[in-house]
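In the two assemblies presented below, chain A is common to both, partnered first by chain B and then by chain C.
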Partner chain A sequence: MWFRRLLAVFSLLVPLVLLAIAVFLTYYAWPAIHYNGLDFLWRETWNIGNQYANPVHRHGETVMPGARFGILFLIVGTLGSAFLALLMAFPLGLGAALFLSEVVPHRFGHLVSFFVELLAGIPSVVFGLWGIVFLIPFLGHHIFPVLAGMFPFIPFLARPTGSGYGLLTSSLVLCLMIVPFIAATLRDALRSQSTEMREAGISLGATRFEVATRILLPGQKTALVGATMLAFGRALGETMAVLMVSGNALNYLPHNIYSPISTMAAFIVAQLDSALADPTGMAMRSLAEIAVLLLVISFIINGAARLLIGTLKEHTL
Partner chain B sequence: MSGIRAVHPPRPSPGWIRYRRIKSAIGWALAGTALLILSVAMVQILLYVFLKGFHSLTPKIFTEDTVGVGGGLRNAILGTALLSGSAMILSALIGVAAGLYLSEFGEGRLGSLTRFLSDVLVGVPSIVLGFVGYVILTVWLRWQFSLAAGAITLAVLMLPYIVRSTELALRRVASGIRESAYALGCRDHQVVFKVLLKAAAPGIGTGILLALAISAGETAPLLYTAGWSNYGWSGHLIHEPVAYLTYVIWSFIGEPFHSAHALAYVAAFLITFVILLINLLARFLIASSPHSRL
Partner chain C sequence: MSKLRTRPLVRLTALAAVVLAGLCALAPVPVQARTTHLIETGSTLLYPLFNLWVPTYTATHPGIRITTEATGSGTGIAQAVAGLVQFGASDAYLSPTLQRLHPGLLNIPLAISSQMVNYNLPGLNRRSLRLSGPVLAAIYAGRIRDWNAPAIRALNPGLPLPHHRILPIHRSDGSGDTFIFTQYLSFSTPVWMNATGYGTTVSWPAIRGEIGATGNPGMVQALATNPYAIAYIGVSYRSAILKDHLGQAQLENRAGRFVPLTGSTVAAAVAARAPHTPPDQSISLVFAPGANAYPIINYEYVIVKEHQPSRRMALAIRRFLEWAIAPTGGNAPSFLNRVGFAPLPAQAIRQSRRQIVKIH
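Showing the complex of A and B:
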């Protein structure tokens, strides 16, 4: 029995680590949560105050004069970029999964899927580098002006197209980062459907495409929804790649699809230095409040997705 | 007496059939295009990073430390190996033990709680882990930017992957093997060490390698915990910042100097190459094992 107890102690470490993360982060962020109040979510400006004045006391906290913290622009940027990324990644991932599971011969298919899944292994920061050096000049000079020229009547697609750093670029990079996950999950879900289902469909006179989309896919609705939720969660929390290609907008709401944005995760890195410069520490604690929010969001999304699709399989790791 | 009439299903018209065939063909074409787009993007990114990086690769990279925004990457290469290596050891010790518990004795409440929470921990953004590492290790424990702070933060990041892949690998070991071992009079720890871990070794190893690959490519958890240093590691666990490759990529590509860009390209090439290599090794390990298959 002693051995089982020993293993149980190690197993207990996982909940404990998560608990420690939540408790310490909330504890550290508490002065900011108290100072900023609920307005934190709706206010449009992040202002760490006058750094050359003497600290003042407001709402029972010590802050620099004029310090106001709001992250509405970050929430818009985070949700906007993640949603756009999902909008592109979902059809791409679904199409690739259908083709891989139903068309490509199994033996060859393993190779192709592995190849596509390698895309998920490329580090975020390398995506960011590729984004800065290749994607941004390419999009900014060749694609965005054409896109804006084609649809001048659609407000969020119209000019100005900016420098290439911005919402659409971030979404494209995010899309490439989450698509392998969607494709791999859906491919396995489709594969797991029995051959009898396919045979029954074919014998009813359905084409193979109809079998795949009308019979196999509806049977895997939960996997579809779960994978989409998890992919959305990943896009929300992605840091480095977005940090490098988003344009790091500060106190600025995007007015079209090319506008510079920033996301909650990227902002924590981008503002670290200036937050550390705040002698009252309120800026750091407000960054911690953003981290708390990210933690809560990831708890909700991952918890819900896991309750929906059950436990983890290998490729979703 | 009412006779039974055969009901013929309505025969689809040839036009309807043709319409459906065309629709299906278009559907497959779109699906194939999606796969093609992904493959092209993949090849483009890899080729771009490899060509750019390979172009700037010199022997100096491996023999010299970073000087300002020039010099080599010896400190960063060693730092990445140190950070990810020690994180892997730490995380594998805890993670394999926890995975063992989940697969062998984890049917109860603690088991399902750990399983669920480790799935949740996988989804926690790495920057959040980095920030918490900063708050607890760097500031509260006064370790400052250090190897210990960076490695522990990375270990937490890797932990859920190792826990869950270990559990899955062990679950694939046939239960008859366990029963035979117990029937021969083995105790729990003998079953685990002499039978289960051996049988599931390739699967567990694959999980650990994949987690290692993930940790090697991480930047966000290290920015707040490991810091950056222009010097090689001198042996202090705490109070001494450590360099790592991903920092070079992020930081140096923003500098207006050719030498800085060259270092960023090389760092990207090295880290991507190593990660792909680890991924290939992991697949090879699992494919070559007789007991389990990915």
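Showing the complex of A and C:
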């Protein structure tokens, strides 16, 4: 009996901690939510105000003069980089999963799988450092100018190509981080399908490609959606690697795919030190408001993934 | 599938082990009786100097242990206010509002730092470009876009400046370097003062091609990998700039003269500005008058609470700070030269001592 109770306490602990964090953050951010209003989402200026002037009262809150907080540029940067990363990572991850489960012999497949999982376990700061030292100079000086030269007629791909820090570089680093995640999940899902399905397909004269795309993948819609959504969630919340390669744009929207950006998660880290020096505390509370928003977005994404998986399961049954 | 199912359990166990290990590490370790533990956190610019000081000081003062952390000036101030650390290191003095909110807080200068303006201009890095506050403000506001703009050419007659877009690099994290750089722009250029002002983070005007970098090492890295970029970097990183063969500008001072960053130009600025330091030592040394004065220098502060929880703690703090500002102690050239700092002038030492004795 005591064992059961102990387990119940432990299992309750996790949701309670989550709830406590959400409640505390919202409570802490409340004055900022009140001060910033809905403009928070549409404005593209983040200004903590003149720290060496006297505080003023505005909208019932004490703030430093000139303090205005808007994060439109962060929302665009976060969604843009994560979406672009997913666009590149999905075909790669799917291809890797098919290759691992359908093409290579099992023994060799294990070795490759090991490396895929290893890639998934690398701390993100390592990706960031590699991005700064190698990827940025390489992309900025060799790849981006060529890319822009090839597609001068597509607005988002045209010049100027900038320095290498920016949206596309962030997306590439994020892509590398989520590919193994997608690949490993889909590989397991594909492997779980019975051999009979494959044999039946091949005996009907289908090629391996047809077996994979017409028989195996349609049976794994839920895994496809789930892996994609969770990968998207991971890309949205990634902090360190993006902080290092995004160019940390402040107060403006990307005008093309090479522009510097900043994301919500990275911005919290970058601005923490300045915000701490704000005597009115409004800068810190506004950072907390970003954190609340991140929390809400990840709730929505996970919830949507579950809903979709639920409806898909009903359809396949 | 079974492999997948067991994973959460394995993860949970691993997590529990990590948490337990962490708790064990946090548990009070039996320390030697009468050891006083002081913690310093804050400015990454002051951090290397503290790391030179601490081993020397603790070697001769066995009852003292000092931990140093590089977190950032804002964190240094906030943690000193909260009483989490004894020394909050900051490149910027306390704002009037902070001083009013926390009356028992002292900002005590420990040394004098300066800032370089560096650039990466292929073929021209060995030539010292001349730049002025208004020109830098125009570059960072996006009004001057190219290296061969008339305003830059006028300051550098005869130099073959390239027709290439300037990439301004600024700090994206909160930084004392941003504070003194934007003070130079503000004090020399009224337009900048009114539009953007100064602070550890400012709302930088949006410019195409600008780069945000984290920390001084990030600034050096971004500058080295981006030809045609310009950046402001703390003097402690001079060796990194020299190693990467990057350019260093001569800056226009208040007297309208262009001066390089040298020991004598910093000393001239200190001599001109330091005598005006008020008793609470909150003063900007930026844009000092004098024909030979270098325009971007600043006091490196330590933020300390006047009232300490115990006499022993207060005594340990006072002794360490007395040693740190003494010309024969922490302000000796053997320490300061290694990080490019200048010593406090005699008057500042006297003022710092008057503040230090308030700690009780």
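Operating definition for what follows: the second predicted complex is superposed on the first by the 303 of 317 C-alpha atoms of A that agree within 3 Å, B and C clash if a C-alpha of one lies under 4 Å from a C-alpha of the other, contacts with A are read in each partner's own complex, and residues count from 1 in each chain.
The working rule: a contact is a pair of C-beta atoms (placed from the backbone, for glycine too) under 8 Å apart; a residue touches a chain by one contact, two chains touch by 3 or more.
Note that the coordinates shown come from a computational prediction; the quantities given were computed from them, not determined experimentally.
Asker: Just checking: does A:150 make contact with chain B only, chain C only, both, or neither of them? Give me first, second, both or neither.
Answerer: neither
Asker: Mind working out whether A:260 is in touch with chain B, chain C, both or neither, as first, second, both or neither?
Answerer: Second partner only, chain C.
Asker: Could you say whether A:132 touches chain B, chain C, both of them, or neither, answering first, second, both or neither?
Answerer: It touches chain B and chain C both.
Asker: Mind working out whether A:8 is in touch with chain B, chain C, both or neither, as first, second, both or neither?
Answerer: The answer is first: A:8 touches chain B but not chain C.
Asker: Thinking of the overlay built on chain A, is A:111 touched by chain B (first), by chain C (second), by both, or by neither?
Answerer: Neither chain B nor chain C is touched by A:111.
Asker: After lining up the shared chain so the two structures overlap, which partner does A:100 touch, if you call chain B first and chain C second: first, second, both or neither?
Answerer: A:100: touches chain B, not chain C.
Asker: With both complexes overlaid on chain A, does A:244 touch chain B (first), chain C (second), both or neither?
Answerer: Both partners, chain B and chain C.
Asker: I'd like to know which partner A:291 touches here: chain B for first, chain C for second, both or neither.
Answerer: first
Asker: Would you mind checking which one, chain B or chain C, touches more residues on chain A?
Answerer: B
Asker: After superposition on the shared chain, which partner residues are touched by A:160: those of chain B (first), chain C (second), both, or neither?
Answerer: In the superposed model, A:160 contacts chain C only, not chain B.
Asker: Does any part of chain A touch chain B in one structure and chain C in the other, and if so which residues?
Answerer: Common to the two interfaces on chain A: residues 132, 243-244, 269, 272.
Asker: Show which residues of chain C lie in contact with chain A when the two form their complex.
Answerer: 1, 4, 71-75, 77-78, 92, 95-98, 101, 165, 167, 172-175, 197-204, 206, 208-214, 221-222, 225-226, 229
Asker: State the interface residues of chain A toward chain C in the complex, per the touch definition above.
Answerer: By the definition above, chain A touches chain C via 45-48, 50-55, 64, 66, 132, 136-137, 140, 160, 162-165, 188, 192, 243-244, 247-252, 255, 259-260, 262, 269-277, 279-280.
Asker: Using the touch definition up top, name the residues of chain B that touch chain A in the complex.
Answerer: My answer: residues 12, 20-21, 23-25, 27-28, 30-35, 37-39, 41-42, 44-46, 48-49, 52, 94, 97-98, 100-102, 104-106, 110-111, 113-129, 131-132, 135-136, 140, 156, 159-161, 163-165, 168, 187-189, 192, 207, 210, 213-214, 216-220, 223-224, 246, 249-250, 253, 264-265, 268, 271-272, 275-276, 279, 283, 294.
Asker: Please output the residues of chain A touching chain B within their complex, sorted ascending.
Answerer: Against chain B, chain A makes touches at 1, 3-4, 6-8, 10-15, 17-18, 20-21, 24-25, 28, 91-96, 98-100, 103, 112, 114-116, 118-119, 121-130, 132-134, 176, 179-180, 183, 205, 207-210, 213, 230, 233-234, 236-240, 243-244, 265, 268-269, 272, 287-288, 291, 294-295, 298-299, 301-303, 305-306, 311-314, 317.
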